[in-house]
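The following pair of complexes shares a single chain, chain A, combined with chain B in the former and chain C in the latter.
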Partner chain A sequence: MAFLKRSPWMIHYDGSSCNGCDIEVLACLTPVYDVERFGIVNTGNPKHADIFLLTGAVNEQNREVVRNIYDQMPEPKVVVAVGICATSGGIFRECYNILGGADKVLPVDVYVPGCAARPESIIDGVVKALAVLEEKRRALPPRARRGRRAEASAQGGNA
Partner chain B sequence: MNVNAFLAAYGVRILSAALYVLLAPLFGGLLAGVDRRITARMQGRKGPPLLQPFYDVAKLFEKRRVSVNKLQNFFVVLFLVFLVFTGALFFAGGDLLLFIFAFTLAALFFISAAYAANSPYSAIGAERELLQMMAYEPMVLLTAVGFYMATGSFQVGDILFAKGPAVASIPALFLGFCYVLTFKFRKSPFDLSTSHHGHQEIVKGITTEFSGSSLALIEIAHWYEATFLIAFVALFFVWGGNPWSVLLGLGVALVVYFLEILIDNTFARVKWQLAIQSAWIVAGTTGFLNLLVLTLVQGGAGWLS
Partner chain C sequence: MNRDTVRTVTAIEPLEALAVAQHRRLGGWRLVQMHGTRVDGATEVNYAYALDGALEILRARVPDGTAIPSITGIYFAAFHYENELQDLFGLKVTDLAVDYKGHFYKLKQTTPYRPDLGVEGIGSVEAPRVPMAEDAEPAATPRDAHGRPVPARIAEGITGNRTIVPFGPQHPVLPEPIHLDLVLEDEKVVEAIPSIGFIHRGLEKLVEKRDFVDYVYVAERICGICSFMHGMGYCLAVENTMGIEVPKRADYLRTVLAEMARIHNHTMWLGLVADAFGFESLFMHSWRVREIILDVFEEITGGRVIFSICRIGGLRRDVDERQIDLLMKALDRIEKELEPLVSAFTQEYSVVHRMTGVGVLSKAEAYELGALGPMLRASGWALDTRLLGYAAYDDLRFAPVVETAGDCMARTKVRIRETAQSIGLIRQAVAKLPPGEIAAPVKGTPNGEFMARVEQPRGEAIYYVRGNGTRFLERFRVRTPTFANVPALVKTLQGCQLADVPMLVLTIDPCISCTER
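Let's turn to the complex of A and B:
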């Protein structure tokens, strides 16, 4: 049974966003959009998260941080790049400190365009990510799927 | 003692404990689902499906488990086992003092699990859990003493058949116990060590380092815990083995739970100093005064016995 789709917990990280997309991400949690209807919880803890929402471009300073958060998330997991900056670097693309979009450091599964991305399109992106999440779950070896013998060393040694 | 005599003596107790072990996750999970629905409505949202807590736990079993230290998962299993044991003791009509000690032991295993992970966030969560235990333990112990003073017995089985509801002679202790219930249900203003999983936080305190099946076991343990806490509140209102009084108790317990949700949504988290001070002041006033009055009035233990 695929319960991942019914209970996706997400972690949100602001790369070098202007805060526009972040406000839209948080707007998803408000009574107007209420993503908890779909069982989505905004967790602050990578070890509890299934979906990594990244807003803003990745820069030299936070590439390690972004990578670290991703490594600490248990499999299966997906990455959603929210907003045009996270997708390609956006208007900051040419800046000396900007590496580019989220896909310069992480395997991005879903790109949500927009400046800022609207809550509707963010929710749409998360729903698309759920399909990818389910595919990844099926691709996991059965033993790992049951949660046995999965040790920190397999997660990039973040202990 | 032959089998029939044994069943006659202990059959109901064993049956009720077995029913608890089987049905408590169902009840606790539904309670958590209702909780999240009501919380959402209080915030002007629609909220998740009623069965969301079950989806969450099933999901967690589908995830891989990342553990820093294998020991932490072992402690989590012990936490669950001892919470189930605690509840089974209660539902088998066992000793309230033993119930409280088993309960404390379970909580200590949870704290050990968080310490075993050896991360700063989970260590802070564990420390805060210890502070919370310091805050609520005196009140819980005084409540057990109150039950003895009222009914002349620490045995849940005897309290159920007391001559009147315990709340009639220990009303202040009932209020005090409701006060510390906020700690046990992990509700604001006393959700210092970690809040409920449906809530959003920066870091998850004592559960920070648990993922996958370990986190699922913690969640299931909380369901067992919530079930016997509800039953404990109901115990104040039960007398003479009357089934209607059991229903009354259950009704009051659910009202108390609703008030907990209301308080959760209307109060901000307090600092640990205020949490401990207020809990001890409440225990000191309600507990001490109630026991004092009871001693002076009845002159000995158990006018309901």
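Let's turn to the complex of A and C:
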């Protein structure tokens, strides 16, 4: 299971952000910051993902979508709220269609502040998330701990 | 000051809107935007038309409880605006070509501009949406046991070999959420039904709670990609309302920063489109080039994507010799490093094959559907808002970049050539950079209204402000280019192959957070 800790896969979703944090998340993956060299891959498929990077303060219409993505991710999984919007609603907190942060819809494990969050702090947040991921893995029943594939088939690919 | 725009505001009767639209259409005017404003117990509906430098606003006062006729029969592109009026103002629009029936956005608070309508809003009156279903054969309006239309994406029993494939909101090629219901006949897309609203925050209304000087920061965050231009557009509108004369140096620096933002945007877009057709190394290299300009941004403003450097009256920071020097070196580097990428985009066999002749938007269609920016210019129109001469564009020499093929390749070429153009514009502006102040003092409060137009990387954006003499504006409205490009996208999607959908979606350079605000 060490592979999970060393090369986690992540999924990124824009939960009503301004885009600023989203391009910074992508910037982490592209040259200069390039976390892909460590085997961290941005996947488009929630069923492959260990880490959920959520940006934005989440609006009414996105509530279900965010929930849906989270529910499809196999255990163990962690949620990283990227940017001050996702942390608390940020500048959009008082807008009429904003729920006010990622933790209004999901259990958030790591908060990355910043507007926009800098790639360095996003990477830092992901590293923190890895520790949480490891803890969560230990807390799982032994059968599920073996590996992602075994776990996926044991739980029907769903948490 | 913005010398643009012969601007007139004319009052009309709500029912006159149709006849006026017909008349403008025949005269070749473009519908640039529609928006509502609440004014004592009534909704004012504003129709803005533009022809070259002229901008005209027609204003109809609609008492509560009355409906207005839709102009979608004349300007199809109006369906967005009218659906938005239904959702946000609870205003009934009759004969809408594509009627979402109050479900254009899914809102936490229904009809936010009409809180008196309560939770019911207009939405509860009708069943959930199945827009555009009528023209897709009789069986395409499936109904459930209660006779309510079933959302297209779960509808079964579509006739013959038709299927509906949902696309988005979470999709590997989409950096931002948008949802399309694609009606397919085998592999061919017959129809695409967009549903948006995943990023609708409602920040236009925030203007009522934030001081107009502070609101610049909110305006910047309409979108983190063209953040500088959003801040600038808002500032231009407020400055013009208040009659503030921005110092020349600030105008020049704003131009420089705006063109840097264009380089950033276009190089980023090149990467994203390469990703959409599966050319990953090209994606990575384009983004590498993009980092060069971000470094300069960081050096000048302190931020990589959100800059907070623009303020009403000018800029917050000046630029010194060393920074200019860095900028010039960066431009040289970008020019050099972009060269091999450009040849990959325009000559590499698989890329050329993938983009040529795909998603053609004819010259007439582009105008008709209200397309903007590179999308419009790739179809042969030499329209560029910068020609109006805001900021320092009046003093610089340039001509709009035009291609005529109207396909994905043409749109790519327009953006490539515009990147080179931006580099040239920055060099010109820096060479002429005047010394002096960078900000004018702000005295008093805005009273009056103004509609500023700015050419963003994606096309013309419109910023409308209306002040009432207090520190809080009465209305702020932004109409962004993607909002105007969606009808054209829907058109190009019709008849394309399913595999081309991601690429077509990307060639309009969608910016969803702009669109939905």
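We take it that the second predicted complex is superposed on the first by the 145 of 159 C-alpha atoms of A that agree within 3 Å, B and C clash if a C-alpha of one lies under 4 Å from a C-alpha of the other, contacts with A are read in each partner's own complex, and residues count from 1 in each chain.
The definition used in the following text is that contacts are C-beta pairs under 8 Å (C-beta built on N, C-alpha and C of every residue); 3 or more make two chains touch, one makes a residue touch a chain.
Every value quoted in this text rests on a predicted model; they were computed, and no experiment measured them.
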Which of chain B and chain C A:A27 touches, first, second, both or neither: second
Contacts of A:N19 with chain B and chain C, given as first, second, both or neither: second
First (chain B), second (chain C), both or neither touched by A:V132: neither
Which of chain B and chain C A:C95 touches, first, second, both or neither: second
Partner chain(s) touched by A:C115 [first = chain B, second = chain C, both, neither]: second
Which superposed partner A:I69 touches (first chain B, second chain C, both, neither): second
Chain B versus chain C as contact partner of A:R6, first or second or both or neither: first
Contacts of A:N59 with chain B and chain C, given as first, second, both or neither: second
Touching both chain B and chain C, residues of chain A: 31, 43-45
Residues of chain B defined as touching chain A within the complex: 36, 40, 43-49, 52, 55-56, 58-59, 61-68, 70, 197-198, 200-204, 207-213, 215
Chain A residues within the chain C interface of the complex: 13-14, 16-24, 26-27, 30-32, 43-46, 56-57, 59-62, 65, 69, 91-92, 94-99, 115-116, 118
List of chain C residues in touch with chain A within their complex: 105-109, 112, 169-173, 175-177, 197-203, 205-206, 209, 217-218, 221-225, 227, 268, 271, 283-285, 287-288, 291, 294, 303-306, 511-513
Residues of chain A touching chain B in the complex: 1-4, 6-7, 29, 31, 34, 36-39, 41-45, 47-48, 50, 72, 74-76, 137, 140, 144-148, 150-152, 155, 159
